[in-house]
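Some structures to go through are shown next.
Common to both upcoming complexes is chain A, partnered first by chain B, then by chain C.
Coming up: the complex of A and B.
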């Protein structure tokens, strides 16, 4: 193991990790928005939108991210839409993640008793108020494990970004292997980089899950 | 005659005309008509599946009706889609399963309607909620979560939550069905107090003695129709229809035991 090599090239990994995280954050944030909209369209059975979102979810979940990225990167310019590498990566991640988030949110919404919504209706809340104060907090608490799993999954999926010429973690590792044949060192640093990013996020997820187990926002007590 | 009656003619709080409701082709409510006057307590009894819960659910639009008309103080409310929430603010409802919001403490459960639906200030709504909790003996539970309460306590909170909206009418749907006798007593005493205070109520229940105690009028339903209607004393002492007599027929376990060949 060449520790000097590892020491020398760690800054490259740090920089790549920064890029990976920035794109992941943007893509995941967008996927939350897309997921929430799709899930609401499906939960409230909005005509037409419901079928469109259903088709989108099947398309996004049953094609690899790499293929989706190629489509954005090489396909869209043919119809005059030109996105940067970063733009493609964010869009690709949001496209894939939106479908997964929609399903995670839906599982949460489905888990809320129908009578809870009726109780809100009986209090004379508007639909929007009922969603905000009754439905959503309870659905979110149930969805947290699935949402956390999706976040981690999406961060890992960023490893295909090198295919659209983005200098992400995977790209740096492949680059170093190609230039110096330091396979062991390059891959070890890659594994450590991913673990450094993902282990804290996993821990955060577990903590949130414990805290929201009873949908008791702000009231968590040991029972 | 006209003069004598004139002072007493009041618009009913609730009026239902020829209500019909079916699920998947089977008729659950068959031509129901009834009126409930100001401060009146109407108790609806009948065998399971006779349509009494569905009747309550139709009143506040939880179930769409097939035909017929429902009026709340002169305003037609059936089939209303727009501003249905405004109608529901005037119709309180309490369910068998309490349906408190599990992610909010008792006080937040009570404040949600008055603050969000009615737009009252927190200070104002809190003061009233605290007073109401005190009346039902739950002052110390204001900051407990629903899962920390007994069934009877939950149901009392649910009743308070509905009454804090100051509804024109309160619908109670088998609110004691999931409770043990002790809890039934504490919940029913709250309802009796409400009746004394003049709350207009439509109550579905299987507690016959409670029905007799609280009702101004009893409706006996079977097969989606109102079969018999009467004052509670008269109804329970000597029901007119054979169906109601059969429903109310009390028995002793000795009789039953003798009936079973050993």
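Coming up: the complex of A and C.
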């Protein structure tokens, strides 16, 4: 192990990690918005939007991100739509993530019993109050594990962005292997970089899950 | 006007080559899925044990698989092993090893989830009905476990098919790489080939994964 080499190239990794995180943050934020919109369209059965979002969700969930990226980055310029690597990466991530988030939100809403909403109506809550105090907190509690899993999944997916010439962590590692043949060091730093990003997020996720488990009725002891 | 970009798909044996690439993709996924199911079952059973040492190891393994991106695992296996142990393995072997390592972890967690999700009273009721241990497993526990497990493992299978698209980055010639080659070859004749070829690859993946995930959600609804 060449520690001097590791020392020298750590700043490169830090910079790449920053880029990975920025792209991931933008993509995930967008996917939350897309997911929420799609989920609402489907939950409230808005006529045409419902079919469109349904098709979108199937399309995004059943194709790999790498293929989506290639289409955006190499395909679209041929019909005059030129996107930067960063733009492609954010769009690809949001396209993929939106569908996953929509499903996560939907599973949360579906898990809230109809009687809960009806009981809210009986108590004289307005529609807005019913959503704010009855539907939303319970749905959130159920979908938090899925949301956290999606966030981690999306950050992991950013590792394919090097394929569209974005200087992320994978790209830096590949570069160092190619230039100096320092495979061990480059890969070690790569793993450490991903662990530093993902371990705290994973820990935060399980903490959130425990904190928000207030809506769990009917837990049964199992075998 | 240099002709429609889609024409490149039917030039020579381009379409057949693309399908051949798809065959490589499917073969890799199928081998990894089968291996993952076998190892995943064993790992899932292991995770239900109470032994703290075994539990600890299982947790570490599962977290590793969950947290390290598959891309990184591929690089570790393909480039890292070669350098560290002077072990030259083919891209295909590395891919199968990595996807099995990953799939077995995920599958194991599904198996564990399905096993522990069966309410205790099911076991107690079977005892009250006078079923033997064998009968309890045969008629009560295993059918219920499978009902929970099968839809989820089908979903995992589609995820594995999708993830195999990464292997082009360690030099395996699969459907995406073949597509790239076709585009490169047609660079001057059909400059718009990229959008058509990548569109076709996109559609191919979709029409493979979509029916499988439809099946999964249908089974899930039916067995709820």
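For this structure, a couple of remarks:
FYI, the second predicted complex is superposed on the first by the 205 of 223 C-alpha atoms of A that agree within 3 Å, B and C clash if a C-alpha of one lies under 4 Å from a C-alpha of the other, contacts with A are read in each partner's own complex, and residues count from 1 in each chain.
Just so it is clear, a residue touches a chain if its C-beta (ideal position, glycine included) is under 8 Å from a C-beta of that chain, and two chains touch if they have at least 3 such contacts.
The structure displayed is predicted, hence computed values, not measured ones.
By the touch criterion defined above, A:56 lies against neither chain B nor chain C after alignment on the C-alpha atoms of chain A. In the superposition on chain A, A:70 contacts chain C only, with no contact to chain B. In the superposition on chain A, A:141 makes contact with chain B only, not with chain C.
Annotation for chain A, partner touching more residues between chain B and chain C: C.
In the superposition on chain A, A:156 makes contact with chain C only, not with chain B. Legend: residue contacts after superposition of the two complexes on their common chain; A:118 is shown touching chain B, with no touch to chain C.
By the touch criterion defined above, A:126 lies against chain B but remains apart from chain C after alignment on the C-alpha atoms of chain A. By the document's definition of touching, neither partner reaches A:5: not chain B, not chain C.
Across the superposed pair, chain B and chain C both touch chain A at residues 221, 223. Across the interface of their complex, chain A is touched by residues 5, 63, 66-72, 75-76, 79-80, 82-84, 115-123, 141, 158, 162-163, 165-166, 168-169, 176, 179, 183, 191-196, 198-199, 201-202, 205-206, 209-210, 213 of chain C. Chain B makes touch with chain A in their complex at residues 60-62, 85-93, 95, 97, 99-103, 105, 112-113, 116-118, 145, 147-148, 161-162, 165.
On the chain A side of its complex with chain C, the touching residues are 58-59, 61-64, 66-68, 70-71, 74-79, 152, 156-160, 162-163, 170, 173-174, 177, 183-184, 187, 190-191, 194-195, 198-199, 202, 220-223. The part of chain A that touches chain B in the complex is made up of residues 113, 115-116, 118-127, 129, 133-134, 137-138, 141, 214-217, 219, 221, 223.
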